[in-house]
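Two complexes follow with chain A in common, the first pairing it with chain B and the second with chain C.
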Partner chain A sequence: MAEHENGTSTGRGGHSRRRFLRGSGLAAASAVLTSQANVALDEAKAEAQAPDGPEALSGDVTLTLQVDGRELSCVVEPRSTLLDTLRNRLDVTGPKRVCDRASCGACTVIVDGDAVYSCTTLAVSCKGKAIETVEGFETGEGGVPHAFHQHDALMCGYCTPGFVTACKAFLDANPGKEPTLEDVKRGLDGNICRCGTYIGVFEAALAAAKTMKGA
Partner chain B sequence: MKAFAYLSPTTPEDAVKALAAPGTVEALSGGTDLIGRMKDYVASPERVVYLKDVKALAGIVEKDGATAIGAGTRLVDLVSSATIRDRLPALWQATTEVGTPQIRNMATVGGNLLQRPRCWYYRNGFGLLAMKDGKSLVRAGDNRYHAIFMTDGDALFVNPSSLAVPLIALGATATILGPGGERTVPVEQLYRVPKADADREQTLAPGELLAAVTVPAGVGKNASYEVRQKQAHDWPLVMTSVHLKMDGDSVREARVVLYGVAPIPWRSEAAEKAVVGGLVTRERAEAVAKAAAEGAKPLSNNGYKVALVRTTVKRALLSAVGDRYWQEG
Partner chain C sequence: MASWPESTRLIGKSIPRLDGLAKASGRAKYPSDIRPEGMLFGVLLTSPHANAKVKALDLEPARAMPGVKGVIALATAGETNVIYQGQEIAAVAAETEEKARDAARAIKVEYEVLPHVVTERQSTAEGAPKAFAAGNSRPGRAQTAGKPDEAMKGADATIEATYELPVITHVCLEPHGLTAEWKGPDSITVYASTQSVMGVANDMVETFGVDASKVKVLTEVMGGGFGSKFNADVWGIAAAKLAKEAGRPVRMFLDRAQEHLIGGNRPSAKATIQLGATKDGKLVAMTAETSGTGGRGGSNFPLPYVYHVPDRTRSHTEVFVNCGGSRAMRAPGHPQGCAVMEAAMDDLAHKLGINPLEFRLKNLAETDMVAGGINRTEIYHEQVRRGAELIGWGRWKPRGQGGDGPVKRGLGMALHQWGGGGAQDKQVACIVNPDGSVELRSATQDIGTGARTILAIIAAEVFGLEVGRIRSNIGDSTFPPGQSSGGSTTSPSMAPPCFDAAVKARDELFRRIAPGLEAAVEDLALKDGQVLVKGEARLTWEQACRKLGMMPINVVGVFAQGLSSTGVGGCQFAEVTVDVETGVVRLKKIVAVQDTGLILDMLTWRSQVYGGVIGGLNYGLFEERIMDEPTGVMLNPDMEMYKLAGATDIPEIVVEAHDTPEMRARGVIGVGEPPTISTAAAIGNAVANAIGVRVPKWPMSPMNVLDALAAAEGKA
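Then we have the complex of A and B:
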């Protein structure tokens, strides 16, 4: 966590735009929570329990997730998506919130080896699963992030963490194979870049595949 | 998204109990449909029952020539199954292009079959029939993706399941678990045409759970052909699945089912009748395709679908017998 804070600090008094935004967002969120959600939650809790079925989770739930090899704990509601939990509760801000509707791919993370949209996955359903985000990737030569850098595979950069993650999941799922351009297009068609840097992305993916095969 | 209580049963019995308890409830699997609807307040259940921890619901099993596919089987597992690819190409072809790689990693067979319509009036809270002041918003508005058959009625959305169409063509049955035990119905009976906004377009009773679909033994030649606006992130505009049981080169029995043209997966009896009793040549396929499009009554913006019906029926038929002329040179 500390490393990320340093990276985005303005250097003036240790404040950062990110820290300020996070603080004010939480304050607003808790104001809404106290006024409305608690009433609804109490009602839900009372009605939720099936007579003799499995246990129901509601209200605040303490959750431990395995993220990039670390065990991270937080308190969330069952309705929190994996994306919002990672970004707002666990300070894992690599996955980006763009469409929030499983349509753009910026939030892509790898859960138990499969690329998924974290904006459309409930955090509580990821208990006990291995979650990999772009923050845990190898950034040296030979890694997917390096290939994106070398092939100028980004413009504004907002889709990039999702593309890098989808690309790593695609290459990991096809080890030892050198994909064709068509394979790469199909493998990455769950992500959208509105700047249109697809050519760079495809070149980076092909180059990373070549490096990984050689490794 | 409104707050809800979350249950994650691990056995089908517990899942049924959780689904059958009183109050509004939604079954959650891949989440690619339900979570979006909850975020948009189109669905606000009091309880959400997560089904992916019910491991008994996932998997593909071959038995006595039949193929049973658990409702919890992910689409990616269907696509990577050699059995599905070789024996049930109509199903395989309809699954490979669903959504995106991420969606196919998340989404399940049951979730695909039971997703709610994509009609943008429904998705914006106007209800399945999208009536306002006694008038249809669909008829008066943008209906480019809506139905072209059964348009005399009030339900003008199209059934959104890509998998229902090949499964119905293949004569698959659905195994349903409920508080009263197990029942089996043909897949087409999972759907109905709603007459009022309070009706659902699906027939599962409260507390029921789709457990599996089974394609019976004795599968004939089969194929799907679809037309899309975009190559990814989308549903087909129109798709046709065909299943032909042959006597030598002649068609003895046929099913022709279409996606994207009606509020239910659309079985074209006209096309089925026209194809039985002869060879599948390009000329006959064209005649069958023409028969399939007869009786279509498009809305103001979707007349183009009539041409897509003809193209997809013709190409699905020819694809089933190995003539993919559109891929040549």
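Then we have the complex of A and C:
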């Protein structure tokens, strides 16, 4: 356990990889990179201004997270991932654990507006941040889940919450625009489906974009 | 003989699946999501070695760890021989998953590491260590028809080539596993990610000696199986044992690496094949020596495949390796047989200078009768004609004319077939309640195919109700016996008893309400939520059901002849570009033409075909289990280096249902397996067409493409 004892509550440990992967895609690269750069800058400023420097955590830590607008508390370890905290402690099981290594996107949640892989984000790093999961999304007409349902963009459905979340984050990041099929493919390239539902996913994403633009 | 209604309101239309919104909104609870009160987290300790004796096993350090509530051995010191990486050694249950992992790591295992063989090459090499007592391989007897050697002499053209396909793994996104909860000393409820609630229930009965009536296995939804999830497995039994020991429920699911190592795989295939034909393009003979590995299991595949070869001989050798065992995977054997046969067909057509499409059609058996008096050869002809139109086969050029620049373009095709068909002993209960609610019950499950939805469609069709009014309650082992989800058998097994149950329930409703309506039973009908008497609406569905008083209708439907069938065909076409400088293959378009009898839900049917094609393109382009010969471990047990298609890898895919009155009259046939069979074969042929060189090894990865190009230039 020694390697975990000095875990620190930094603001950016967990989801930098996702940002890198997203940023490395060709799609909407400038918009994504600009927003990433701003976030990184804000974080750097906040860290510099923190009066006591980084906080050292070890053992059992009581943590309160803002999940889908609710304050949820539980006991975690500094090494506990956001995903395992949501699933194993808070019963927020929409995000799924599939690869557990930031490869497949099934665990995607939105933290302070950014889509992140929650399997490689430490829970303690999310204190005070707004965490949105698929469970909090609007399910009525006009919502992304509805579009996925209507276009049969799912089969076993285990990757689906991640795709729905990535899709919502992608559309939210490009408000008022109607993406092309290529845009959608690039925007969702951080997720993997095994049943092979991609065609339905593309149709659903395009339909949801259309509805959101019209809204 | 029973028959489906001639004109249908719902059957065959595109209807969104009943559980689609629950899944898309993250609200559906998968077996790996369920957390009963007091649940402990189970972790499995597995062998890091491919071949070893377990000399000593000390669980005490794990028991002493904080939060640990149970530890059990799954291997015995001095007895257990581990024969693959990932073999189960011990299991732990603890208050948190993190603590359970720590405890599993704390278990002390002493191994005597033995020499291993983890690839076919390593297993069959001269001087290879004898990893298996009965030998590293088992040659099979030759299967011979006619006089192939003699016939081959009469061939005007022959090809001889060796083709290879790798081992791939299922990569179910929800790993194998279950959550076990004892409800008393002799009563257990299991939430299992399974393709067979009845199979898992049976495993629990046999392992624990509890009454079958006290075992309940629940699978409301599950995250993919593809043929690998029919049983409780060692880890599932371990969860139940730990739950018993700790007196608390235990969740035990494999981690991603374990899923690759022990969750099953599709065997590899290698074929050295000689195929001969006359100059006008008629096959005369085939000789083939094939092999493959399924770990210590079987690896056979059908060959010849689809085409009629009058004189032939083929022998298959099982090669054993120190790797996790194979399990059924989507159309077991067929993708391998198809790829090998279709590659040989294409190479021979090239040698003969015949258009490969014509060559294929010429070599179908004159009659290939499948159930219902259907000559599949005629179906193939229609399907190939349609597929050729959709891909634009008119643009096909002989090999090596893929363009002048480094990026070459090519077209390829392949044919496939599947039996399928259903069991005749399954049941569906139909309950019509006085409040108008309708429930179907059966111990089958929906593994993502849409099984839940098609049952509701059938009942809604019979009752004249909307699909959403039917509660399709499956995934419960205590319900009437249902089909395991494998071999494309679920729909043809479950649709007939479902239809029978709904018809029986409707007829009983009519019998019970006819006197009150002063009408004859035969004058009653159901339409648009109304009860009609001689065509006139007299009661709403709810009013009619209220007349049942306190007594619901509860009937059980059984199999009936005439509602389902077996034996399908299909063809696929691929258009690719290949960069001969980098070896990168890009898919431009895939066309899939498929027949499967009566289609119940066009929307979920199309999803299945898309899914089959995408599974096949993964096999064709990306997937490969890579074993490290010196260390005996798998190098890519993850989802980063084990490659699967992402969104930008998906080409235009055109799905064409061969949906004719003749096909509909056959009744229901499943569609899970057929459309995944020929994709990799068609892609391989398109690559050969583009670059003018056969790439003999799948996947069509840059390495394999460049190797083939180098070999052709004499540089290999």
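Things worth noting here:
Keep this in mind: the second predicted complex is superposed on the first by the 160 of 215 C-alpha atoms of A that agree within 3 Å, B and C clash if a C-alpha of one lies under 4 Å from a C-alpha of the other, contacts with A are read in each partner's own complex, and residues count from 1 in each chain.
To be clear about the criterion, contacts are C-beta pairs under 8 Å (C-beta built on N, C-alpha and C of every residue); 3 or more make two chains touch, one makes a residue touch a chain.
What you see is a predicted model, and the numbers here were worked out from it, not measured in a lab.
Judged by the touch definition given at the top, the superposed model places A:P78 against chain B, while chain C stays out of reach. When both complexes are overlaid on chain A, the residue A:L122 reaches chain B alone and has no touch with chain C.
Of the two partner chains placed around the shared chain by superposition, chain C is the only one that A:R194 touches, whereas chain B remains out of contact. Looking at the shared chain after the overlay, A:D114 reaches chain B, while chain C stays out of its contact range. When the two complexes are superposed, the chain touching more residues of chain A, out of chain B and chain C, is C. In the superposition on chain A, A:S103 contacts both chain B and chain C.
Of the two partner chains placed around the shared chain by superposition, chain B is the only one that A:P54 touches, whereas chain C remains out of contact. In the three-chain superposition model, chain A touches both chain B and chain C at residues 77, 79, 100-101, 103, 186, 188-192.
Interface residues of chain C facing chain A in the complex, by the touch rule stated above, are 16-17, 19-21, 23-30, 32-33, 35, 41, 96-98, 102, 171-174, 221-224, 226, 255-256, 447-450, 603-604, 606-608, 610-615, 638-640, 644-648, 650, 653.
Against chain C, the residues of chain A that register as touching in their complex are 1, 77, 79-80, 84, 87-88, 91, 93-101, 103-104, 106, 133-135, 137, 139, 144-146, 148-150, 152-161, 164, 184-186, 188-202. Those residues of chain B that touch chain A in the complex are listed here as 1-10, 14, 17-18, 20-23, 28, 31-32, 35-36, 38-39, 46-48, 50, 52-53, 76, 99-103, 105-106, 231-233.
Of all residues in chain A, those touching chain B in their complex are 37, 40-41, 44-45, 47-59, 61, 77-79, 81, 100-103, 105, 108, 114-117, 120-122, 124-125, 166, 169-170, 186-192.
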